[in-house]
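Look for chain A in each of the two complexes below; its partner is chain B in the first and chain C in the second.
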Partner chain A sequence: MSKGEIEVPIKEPIRSKDLDPNFKYEIADTSLGKNLNACFKCGACSGGCPVGIVTEVYKPREVIGKTILGMREEVLAGDQIWLCATCYTCEDRCPQKVNITDVILTLRNIAFREGHAPKALIEQAKSMIETGWVQHPTASMDKRREELGLKRLPKKALEDLQTIVKATGFYDLIYGKEEKEEKT
Partner chain B sequence: MKEFALFPGCLIPERVPSYEVSLRQTAEKLDVNFAEPEGEWTCCAPVGILSLDYLTSLSIGARNLAVVEEMGLDTMCTPCNGCFEGLDRIASILGKEPETLAKVNEILAEVDKEYKGTVQVRHLAEIYFDDVGVDKIKETMVKPLDALQVGIRPGCHLFRPIEVIGIDFSERYFFLDDLIEATGAESVYYQHRLRCCGGLLRNVSDDLTEGMLRERLMELKEAEVDCLVTVCPLCFLQFDLGQKLVERKYKEKYNIPTLTYSELLGLGMGMSADELGLATHRIKLDKVLAKIGVD
Partner chain C sequence: MVKYALYTGCTIPYRLNAYEASTRKVMDHLGVDLVDLDQLNCCGLYVEPANKLAYLALSGRVLALAEEQGLDLLCLCGGCTSALAKANAYLKEHEVERNAVNEVLADFDMAFEGKIRVVNSVNSFVEDIGLKTIKKQITKPFNGLKLAAHYGCHLLKPSEILQFEDPEAPQSVDDLCAITGATMVDYRDKYECCGAPVIATEQSLAVKIINNKLKNISKAGANATVTVCPYCHLMLDLMQLEAEDAYQTKYKLPALLHTQLLGLSMGMDAEDVGLSLNKVNAEKVLDFLSE
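This part shows the complex of A and B:
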């Protein structure tokens, strides 16, 4: 500040050679991501985002903008897509009717297949596969429920659920991934 | 009234049992008939699972919907916003995309199930408003709750995504106000009452979820309500348990009691705190109960 200048952090320029021009079509071709390319980047989504109000780290327009631009690796390997609270306020307010939250869910699906997902969601999936419920039953709550005259969470259909996750390939994605991690 | 297939989910049974007790206790007086399959439900495969794998979420959800068809019913009722969002969306997608339905049924064939696409998924709050109705609720009230000023929290997924719910805009007039007023209590308008509490970011980033929750708590405190009333179990957990965590982290005091709408109904019907299982709440309800004269 010796010369009295304002300190401004400068970003690295985005180079077209680092971009994947087909990324936006990859998303737009999915069931949930179909309206992506209608976005004209007005920023109404970021303006109403309850997450973006408490942190600078997450703004929906940035995620959508990077996706349309083709910043594939940065979007999929980065943390931003996992910080959406899925409240759908942005979708409601979008003047172009872009399914912003659903685009983010689609990005998450691709990121997961490429090995990126927060531990909390993997744990949730394991709980579902192992007990039949994302919020798994505990012995203390079983006891409390009995006192309150309530039945235990059913687990009769657990085998059905396990057959389904094997048929969709989800089981291997969850547990196969873990084995790979252990090897490295 | 017709019969609904009751899908309680897992969050309510495992984390907010008083919500389940109260919705069951009050249903009879409101002539709401719930049917339940013998042990056939599984997880609804909510947004956390949908975030990882679309087809898995659709298939697990569709299996539960197929169970409703096997029961000979056409409507599932869930009191959980997470289950509602997940299953309502799945029913909506499978109702209008025959190719997706065929793909899901290929998976379901492995467990000898088929979903025909006939089930409607509704939130308990909608059934209170549309099927029971404000007049009927008023008739069942024996304990005046007029002294109570409450702030509502419908929870995001009761009215979003708008495309799935079938409304134009989510931030207009809201029927939860009418349900509150039917009990005699006053629904106090306050800033950002429809805004997300950050519940689904719990464990992904606790700093973020607590930062969002803190903003909601500040707004409620300014509104000077006696308590918060919600129909969402995740909002309930945020405001009942999460509130304590925010207080500790930020060294602030909020002390805002939280009730589910079914619990409020139970109190208005003259049920005791014990009958409704209210001792399971972490934020003490003493002040609220004293104000309406309930032991």
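This part shows the complex of A and C:
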């Protein structure tokens, strides 16, 4: 291999003044995050991660490590937490019983609240709120269903769904308070 | 008699009609009673990363509907199975969230009580109906068909909650497919994820994951793959074409839903199980059916 082919990224040092020592407790205080601080960084999670195999960007151990260290902004505003496939392999294998996948989901909940959600997921959420389902009927669907002897789809509970998303704060989270005022 | 409330979710009725059709026909053939619920809503899977309470309430409403019927809930989708089974377990254990969910559901005169099980189609075939019963209905077994089973993640994990079988060495899908006469082949990284959950955020990674899987399955000499979850199925079937494009290769590996496989070996026609709807031409598996 000739010189210069491998690019070694130069990382900025982590400075203690940039860390939030309470971040780990923010997660550990949630019902599924309670074992977070038991992590001894063995790496069983990264070793079995199906995404970690195909990219250097996402390794669960790194996310858990950064969370414990208190790199709040980097974890919540970064791309890593959105790359978890939620396959639960890491969580199932963790010798310290850290609910790693659930910790990632908790981190995503906080990131959503703080405005760091990827656009694609916000669009998906909007479409679910407006139509009741994540997937949508296609033009050929009714014909296909008929040919296969399937009944027409039963009525969906769109009104109830919208009541639920409003009562639980999900609607405000997605549309923001301003737009809600415009709509009502 | 085995009887369930059926929850098909959104991906199956909208995008994978062959799964719904083959499941209904196979279950009917086995004498299983499926009750359709009216006024259903999304399982909440996509809401879980954004707002946990909203997810629990959406799942809680679906569970409460099945509870009203006094029936276990049969799910076909891995995403729905996972979302609903996790919510079922979580709401039973966590009083604060249960009360919060029930406060929302009270608006519709509904309540989550935690009285039913969430069952995936494979759980149902293996545990509730039983392989012996199914085997009696196999009238047209496959002969010489080599299949690679893809389990998918959410049939098995989180194992503490799903309580089905060991996620490190599962057997259920292989055992189920083997009774149709097919020969099951093992392949490298067999129990690995299909990549579907990262499509929304980084499609190229999802394609890379499924390409690795297709490569391993082809190397093992399988004639086709067998899937359980609609997302895994779309990855192995529809996204196979993307992988072929992205990695300049050809797999032409048919992906069969486990219910299509069962239906065919029970004597149903290819049209009955919607075989022509599969994206990668799957007609060649018919050549392996005994007369």
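Operating definition for what follows: the second predicted complex is superposed on the first by the 161 of 184 C-alpha atoms of A that agree within 3 Å, B and C clash if a C-alpha of one lies under 4 Å from a C-alpha of the other, contacts with A are read in each partner's own complex, and residues count from 1 in each chain.
Keep this in mind: a contact is a pair of C-beta atoms (placed from the backbone, for glycine too) under 8 Å apart; a residue touches a chain by one contact, two chains touch by 3 or more.
Bear in mind that the values here come from a model prediction, so they are computed numbers and not experimental data.
*Asks:* Please determine, from the superposition on chain A, whether chain B and chain C clash or fit.
*Replies:* Pair status: clash.
*Asks:* Touching A:G132, do we find chain B (first), chain C (second), both, or neither?
*Replies:* both
*Asks:* Give one of first, second, both or neither to describe whether A:R144 is in contact with chain B, with chain C, with both, or with none.
*Replies:* Both partners, chain B and chain C.
*Asks:* For A:V165, decide between first (touching chain B), second (touching chain C), both and neither.
*Replies:* both
*Asks:* Pick out the shared contact residues on chain A: the ones touching chain B in one complex and chain C in the other.
*Replies:* Touching chain B and chain C on chain A: residues 31, 50-51, 53-55, 82-83, 85-89, 91-92, 101, 105-106, 108-109, 112, 117-118, 120-121, 124-125, 128, 132-138, 141, 144-145, 148-150, 153-158, 160-161, 163-165, 167-170, 173-174.
*Asks:* Given the complex with chain A, which residues does chain B contribute to the contact?
*Replies:* Residue list for chain B touching chain A: 10-11, 13-15, 17-18, 20-21, 38-43, 45-56, 59-60, 63, 93, 97, 100, 107-108, 110-111, 113, 156-157, 160-163, 169-171, 195-196, 198-205, 208, 211-212, 215, 277, 280.
*Asks:* Quick check: in the complex, which residue numbers of chain C touch chain A?
*Replies:* These residues of chain C touch chain A: 9-11, 13-15, 17-18, 20-21, 24, 36-42, 45-54, 57-58, 61, 94, 97, 104, 107-108, 153-154, 157-160, 167, 192-193, 195-198, 200-202, 205, 208-209, 212, 271, 274, 277.
*Asks:* Would you pull the chain A residues touching chain B in the complex into a rising list?
*Replies:* Residue list for chain A touching chain B: 30-32, 50-51, 53-55, 82-83, 85-89, 91-92, 99, 101-102, 105-106, 108-109, 112, 117-118, 120-125, 128, 132-138, 141, 144-145, 148-150, 153-158, 160-161, 163-165, 167-170, 173-174.
*Asks:* Show which residues of chain A lie in contact with chain C when the two form their complex.
*Replies:* These residues of chain A touch chain C: 31, 50-51, 53-55, 79, 82-89, 91-92, 101, 105-106, 108-109, 112, 117-118, 120-121, 124-125, 128, 132-138, 141, 144-145, 147-151, 153-158, 160-161, 163-165, 167-170, 173-174.
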